[in-house]
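Structure incoming, see below.
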Amino acid sequence: MAELSHFDSEGKAHMVDVSDKPVTSRIAVAEGAVMMSAETLALVMEGRADKGDVLGIARIAGIMGAKKTAELIPLCHPLPITKVALELVPDEGLPGVRITATVKTGGQTGVEMEALTAVSTAALTVYDMLKAAQKDMEISGVRLTFKDGGKSGRFENP
Amino acid sequence: MAELSHFDSEGKAHMVDVSDKPVTSRIAVAEGAVMMSAETLALVMEGRADKGDVLGIARIAGIMGAKKTAELIPLCHPLPITKVALELVPDEGLPGVRITATVKTGGQTGVEMEALTAVSTAALTVYDMLKAAQKDMEISGVRLTFKDGGKSGRFENP
Amino acid sequence: MAELSHFDSEGKAHMVDVSDKPVTSRIAVAEGAVMMSAETLALVMEGRADKGDVLGIARIAGIMGAKKTAELIPLCHPLPITKVALELVPDEGLPGVRITATVKTGGQTGVEMEALTAVSTAALTVYDMLKAAQKDMEISGVRLTFKDGGKSGRFENP
Amino acid sequence: MAELSHFDSEGKAHMVDVSDKPVTSRIAVAEGAVMMSAETLALVMEGRADKGDVLGIARIAGIMGAKKTAELIPLCHPLPITKVALELVPDEGLPGVRITATVKTGGQTGVEMEALTAVSTAALTVYDMLKAAQKDMEISGVRLTFKDGGKSGRFENP
Amino acid sequence: MAELSHFDSEGKAHMVDVSDKPVTSRIAVAEGAVMMSAETLALVMEGRADKGDVLGIARIAGIMGAKKTAELIPLCHPLPITKVALELVPDEGLPGVRITATVKTGGQTGVEMEALTAVSTAALTVYDMLKAAQKDMEISGVRLTFKDGGKSGRFENP
Amino acid sequence: MAELSHFDSEGKAHMVDVSDKPVTSRIAVAEGAVMMSAETLALVMEGRADKGDVLGIARIAGIMGAKKTAELIPLCHPLPITKVALELVPDEGLPGVRITATVKTGGQTGVEMEALTAVSTAALTVYDMLKAAQKDMEISGVRLTFKDGGKSGRFENP
């Protein structure tokens, strides 16, 4: 059965020893969405033109959130992040905003949590900036879609 | 049309002036879930008995995450939080873990973002602790279910 | 002679006791500028239309910086900030970007340091985002222009 | 025309990908000053002998500020700083306090922002500690004077 | 038997609800010591005259540490600290450095943890600054000596 | 006489330049204890079975505290921690809880402060969670017991 590496043999939580893992190039991509009414989404799209820039601010929050991952997630290792990029795209089909984050590092452990934290922080910021208009928005589909590098290798979750 | 209060009349982002709002008792409840396979959920439930305590650690992360809300969300006001509680319940029907957070304050603005941030941080921590077993878990249904207090009054989203 | 209130009678630094000061409404306004070449300023102004939004990002950084004041300045009291707003205005006369920050609180001590920290953080962010174009920009004229509230009352520095 | 590397080809802000840049030895030096009245400066100089040590405390704040750079400046990379030193020198000619910060790293990107943040934080701390004596001090001349290492090489700004 | 208030009736950790507790004036005093050889202590005492100021830097670290209490201790409430003062006294009798911290707030819960965190952070800083001279120093006797205010009233531990 | 490396030749504090030190594998182990009454210790031991998990929460706090070392201790270098593990063992002989922390890095400077900070943070958390039952507990014997790696080599303090 799969082992939960964050626990030692007695079931006590620890930050896993990665001292002997090689420094390799790693990448992770995560995505998620903020579901809202078509009316609220219209505010976002309008806003990009002549009102406040909801998506631009959420992008910055997501980038800064990625840098806070090791502070937020108890057993995460601090990592020298080398790239963070977020896409926030209004999607009238949902309706809502789709968020994708890409994070890279050259380190001894992966950046999956950094990518997921970037998406979550950006999604919370979108919620915050629109909650005066709609309180029953929903954050959903937050998941890892791709990772590569490190011993466990490539993972795709299309 | 609804106004986005985080922007001024020229569309520039600001932290809204709440100086003249009264200090009132406020509460917010948010929920969400981490969807996973039945096998992964079995690890969580087992873990509570004799291996690592995934849910206990995620609960602590959620409480600490609530306290970091104003650092993570650019336009949130810092607030004197007076209570944070999280419930993390394994649900074989999903299968997955259901998360609920309740936050209270006596302040000039609400704690919706604190409750949502608590849920998100706990969900990310659940993901982190189980990702060695399953990488395609998904965080979903993160939303505000209840708030009360302040000028906008009671909100229910069952 | 003026007393430096951050030191006790033996010259030892402490965080001044404000326990007995009343909670009053307080405001502070600070300003500063980032001096640059006309060419660099043109990039900023252009950028607002169809390239990256330097000033929008610096505004967010300034708001978030204000919330970090008590972490950065050793003897500052943590304060429940109730408003932060920043203006960043390109000025071809300098040439450069003029920055103004307004901060409010209802607390036992003033928000001068919060306003000055907001200006400094926004100015550093402007520098960071433009340094690929010009490295010899200069941050200058960072000063308090107005405060009101509290025992020491109104201060104007036009 | 110079490119602003913090924006992608569509003008969206991102943290630049430095994954493929070599780890090299890098240094940056920044300076700035806090301008004050001769009377206020006398307090600082006296203080070093038998009252509170304004400059010693500002030096510590500057060192700690350098370590917070990636938290304050949205698109800065976290870096393993290997040295921070600050000089704070009273200058009766200004009158005021001159501040110089030197920062080193072995990393994939430079430490210009760390040096500038160290100077700014130290300057704000000087202001904070002296504001009971004088409120119209001014922080000025904050600029990069030297950097070396990395692809863009040596820069001097005497 | 005494109840552990940080756990609910099912034994789950939470941040205790203090919403209905009155805002009262509270104070806490904690102490501790760093035990070292007489030779190392001589370095500290000498240092106050013409070398580095170990105790002055540890005092600043203790004050800043008090402000980080709610970030470090999972179930602590964030509190508007209104005063922090530390005494660090060389004691040739130990030999070592005695540390005392006094913290005040006007809040809904006490500042015992803030005072203890201030002492611990100052003690760790003393250790850090002297460890090049002696590695087997010891931090001991960290305890609460006095508190007052709030429902549980006065506590003395001489 | 031993030199205090955190001060330069004029006695000014700085963060020591480690740029030219090799990246080597380093480990540090620290220990400490929280002394309490037999009755309070009984609560801890009981708690592990069917009430709140004091030691589990303190373990998480210690791990997260280790990651905050460079923020708390003014002259500490930020380090890429590769492992943190804590043992918290009830000891009826004291009576109290014994705490041991092991930290590893591959860096240019040691992790002694990280191990000591982990122990201190865990000890403060134990105090916080039990203070409703006993206020005169004491944290003692916090010291480095082992380090290896780096120029100064192996150190044992049994």
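Residue numbering begins at 1 within each chain, and the chains themselves are lettered A, B, C, D, E and F in the order written.
Heads up, the rule we're going with is that contacts are C-beta pairs under 8 Å (C-beta built on N, C-alpha and C of every residue); 3 or more make two chains touch, one makes a residue touch a chain.
Protein identities per chain, from UniProt: A, B, C, D, E, F = Cyclic pyranopterin monophosphate synthase.
Quantities reported herein were computed from a predicted structural model and do not represent experimental measurements.
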| note | Equivalent interface to B-C (more than half of contact pairs same by residue no.) among D-E, B-F or A-F is A-F
| field | Pair joined by more contacting C-beta pairs (D-E or E-F) | value | E-F
| task | Please flag the chain sitting at the greatest distance from chain C, going by CA centroids. | result | F
| said: Quick check: how many Å separate the C-alpha centres of chain A and chain B? | reply: 16
| message | Using mean CA coordinates as chain centres, what's the gap between chain A and chain E in Å? | response | 37
| Averaged-CA centre spacing for the pair chain D and chain A, given as whole angstrom | 31
| Contacts with 2+ other chains: residues of chain C | 12-13, 53, 56-57, 60-61, 64, 68, 71, 74-75, 78, 80
| message | Going by the touch rule set out above, what shape does the chain contact graph take here: line, ring, star, complete or other? | response | other
| Pairs of chains in contact (touch as defined earlier), listed by label | A-B, A-C, A-D, A-F, B-C, B-E, B-F, C-D, C-E, D-E, D-F, E-F
| message | Which stretch or stretches of chain C touch chain B in the complex? | response | 25, 56, 59-60, 63-64, 66-68, 78, 80-87, 104-106
| field | In the complex, chain F residues that touch chain B | value | 53, 56-57, 60-61, 64
| remark: Residue positions on chain B within touch of chain C in the complex are 8, 12-19, 70-71, 74-75, 77-80, 107-108
| chain F residues within the chain E interface of the complex | 1-7, 11-13, 32, 39-40, 43, 47, 50-54, 57, 60-61, 64-65, 68, 71-76, 112-113, 116-117, 120-121, 123-125, 127-144, 147, 155, 157
